[in-house]
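Same chain, two partners: chain A is paired with chain B first, then with chain C.
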Partner chain A sequence: MSSEFVECQRGAEATLSRGTYLGKRVLLKRRPPKAYRHPHLDSALTKERTRAEARALIRARAAGVRVPTLYLVDLQRSSIYMEDVDNGITVKDYINKIQPKTEEESKLDSLMNEIGICISKLHSDGVIHGDLTTSNILVTPTSGNFGKLCFIDFGLSHTASTIEDKAVDLYVMERAMESTHSEAQRLLMRLLAGYLSHSGKAAEDVFKKLDQVRARGRKRTMVG
Partner chain B sequence: MVVALGFEGSANKLGIGVVKDGEVLSNCRRTHITPPGEGFLPKETAKHHRDNILDLLKEALDVAKISPKEVDVICYTKGPGMGAPLVSVALVARTVAQLWDKPIVGVNHCIGHIEMGRLITKSDNPTVLYVSGGNTQVIAYSRKRYRIFGETIDIAVGNCLDRFARVLNLSNDPSPGYNIEQLAKKGKKYLPLPYVVKGMDVSFSGILSFIEERAPELLKNNEYTPEDLCFSLQETVFAMLVETTERAMAHCNSDEVLLVGGVGCNVRLQEMMGCMCSERGAKLCATDERFCIDNGAMIAHAGALLYQTAGPTPFNETTITQR
Partner chain C sequence: MAKSFKLEAGTIHMALVRDVQNTEEIRKKIQSGDETLRACGLVRPSLILDPIQLVVAANKSLLSAQREDLTTKSVITETLYNLSPSKNIRQSLVNFGIGAGDKDVLVFVVGDDDDFRHLEAARHVISGRWVDINELEGISDKSRIKKMYDIKDTESECFDLLDSVVSRIAVKKCL
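So, the complex of A and B:
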């Protein structure tokens, strides 16, 4: 069956292929073994992540956040069959493509706000994404609008409800944005505002923790 | 043509080297070695540096066959590192700069490692994994700056290994990490340990607590040997490093990895990184202990580059910083 699948992307950890499953256009995500890792560690990690990803996709959906629909999990082959999001492009590409001073640019603030709200929804239901970046959120742009958000790549996700986990999750996002987008700080403020608007009081504790987590990042301000 | 004299003393290694336009003329080093079971402390390390620095300076100049007159620029480590050792070395660098009337340049220790690695391996635009007793960072050059893509959120990987060496009471000569590496080669039985990767960041303190807590019991029951534990620890923490490096490579579409820092001379880490690289069709650039471990030549080389592009550091800014 997988012979009909065509590889479309090779990430650090998994390969993505497109094909058909039960008459539907699907994305097949496979985690090939890593030869550099000890076999025990490799199979444990692969299983754990495939399972965590499938679980998180279901939980995220229940939390009201759009994610690809899950069709099949094959733990033996560490494969997940899921919906291939129509016209989805990553938020990273979307931001990079935007022309300055256009209508789309003014929509960026509401996009970041929306992302903040979605992350808050995930956190409220105990879903920690674990690898939030602008490459792991899709948008489906239609003329002048970013369309619907879709969160992907839950491979490093876990369920937790501690403030620490939520703060670190936001911190990962912050770091990823700083290294990819020139206007990261402004965008991030918007994102956090969205998070606050949905989480309310709970967000204040998370932000307090976030300050502590930032302080742990040790040497990045040093300029020689 | 620039002849640069570099002073390094941010941790327990004191290094002085002379570099002439990318050619290493001398690279001398003294290491402050503590008894088994003990780490090095700022005060004693600074004393070690003070006791050795003048002899080492003379040796570095003699080996390079260079007189103070021929030196064009004095370079020293501004940070990051331990305060007291940094100060003791910066003080000597500032003094000779004034005595010999030479310009002085403060160098970021991490950039020293990266530039030296690039010089030795001739890599062009690599994703850098900088791993040592004090630092664990995945760095890439993007938008005109070295940027940290991922790093440890608590202790450095070298610190994790060193502190486990103390649990096993291993010798600190030549370094605790080296002795762990030798034991790990004979380890067979794998003990599953926590594996902590958060995005591109890693964390080691939980792994250390986990293995510190269980090691005495596991050894007493003869379930695992010290070799097995060293092996398991290395396999786990190195897998985390290789994974985050690979993620950074995928993120920046990079096909070169440069491995620098003291832990970078661990052969098992080089092997694992090489394996990941060949799976991706990428190239691994690694160096040996002369340049991986803290040294003066790297500070001289990075300082010379800085001097040629940005000029000297104003004397009143030749301070140090621990961060």
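So, the complex of A and C:
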């Protein structure tokens, strides 16, 4: 059955393929063994990543954040069979596609606002994504709209409720956007405004911490 | 009227029977290891939204069986167990198996294409109306399903209930 799957991406950690499973169009995310790691350690690590991803996908959904539907999580094969999001493209590709057109600016603004709201929903329920980038959020654009947001790639996620964890999660997003999008600052403002609109007072503490994390980050880059 | 679905390592056949007259007799037969019903699983259809829910649970069971890694004693009980969000085996079988007063029954057989014959044989033992599986839609009890799987409004107001249920079954035994 797995022979019918067609590989579409091989990353540092996971291999993604598309195919049909149980009659559904699915995306198979598999974490193959790594030869350079000790076999026991390796299998424990990949299992833990797969488990973390599965757990977070359930918790994110419960928090009201859209994620792909799951059809099978198989720890033995370190595999997750999930819904292949129809017409899904990454937010990164979406931004790059429409960025040059100024008339699309407000569309991007509302997209960023909604991303901020979703991150706040995750954080309110103690889900830290761990790898927030514009490549790990999908949109399903239709004519004139970005469609629905779908969060993916929860392999580095963990559950926590400290302000520090939340601030670092946002900082990771900030750095990722700064390095991929020319208009990062404006987009980030919108994202944080969305986060604030949903988190309310709790956001103020997170933003204060975010300032400290930024300062720390700058120091680190200066040193080396 | 019965329907078959491909699993990764086999096939599941299922059929919906309504106005079942002899539920108690059927339950007793299963408990005593009746020849005809031995290959069949019986699920409470009010807890099933769509065939895919049972398909995902059975698929997982068959993989466990292949690896000799069943938590329960058979692929049938394992499928009932996988349907259930509870870790308690007995409780899961009580919740998802049919009870004394049930009038609707979802019968299933997990195996290969040939095992359809077990479903055919069950026709002689389960007396009721064998209807189209699509009638499931009118039987499933959404509010009970929400409660059973502990799905809160924040989730059910935003997303399809079936997707929420199927996702939970997919991660069973993995968290």
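By our rule, the second predicted complex is superposed on the first by the 209 of 224 C-alpha atoms of A that agree within 3 Å, B and C clash if a C-alpha of one lies under 4 Å from a C-alpha of the other, contacts with A are read in each partner's own complex, and residues count from 1 in each chain.
The rule is simple: contacts are C-beta pairs under 8 Å (C-beta built on N, C-alpha and C of every residue); 3 or more make two chains touch, one makes a residue touch a chain.
Computed from a predicted model, the values in this text were never measured in an experiment.
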Contacts of A:33 with chain B and chain C, given as first, second, both or neither: neither
Touched partner set for A:144, first chain B, second chain C, both or neither: neither
Partner chain(s) touched by A:76 [first = chain B, second = chain C, both, neither]: second
Dominant contact partner of chain A by residue count, chain C or chain B: B
First (chain B), second (chain C), both or neither touched by A:130: first
First (chain B), second (chain C), both or neither touched by A:45: first
Partner chain in contact with A:176 - chain B first, chain C second, else both or neither: first
Partner chain(s) touched by A:200 [first = chain B, second = chain C, both, neither]: neither
Footprint of chain A on chain B - complex, ascending: 78-80, 106-111, 135, 137, 142-143, 147-154, 190, 192, 195, 197-201, 235-236, 239, 242-243, 246-247, 249-251, 271-273, 275-276, 279, 306, 321, 323
In the complex with chain C, residue positions of chain A that touch it: 1, 21-24, 50-51, 54-55, 57-58, 61-64, 66, 69-76, 81, 83
Residue ranges of chain A in contact with chain B within the complex: 10-13, 34-38, 40-41, 44-45, 130-133, 135, 156, 168, 172, 175-176, 179-180, 182, 213, 216-224
Chain C to chain A touching residues, read off their complex: 5-9, 52, 55-56, 59-60, 63, 67, 151-152, 154-155, 157-159, 163-164, 166-168, 170-171, 174-175
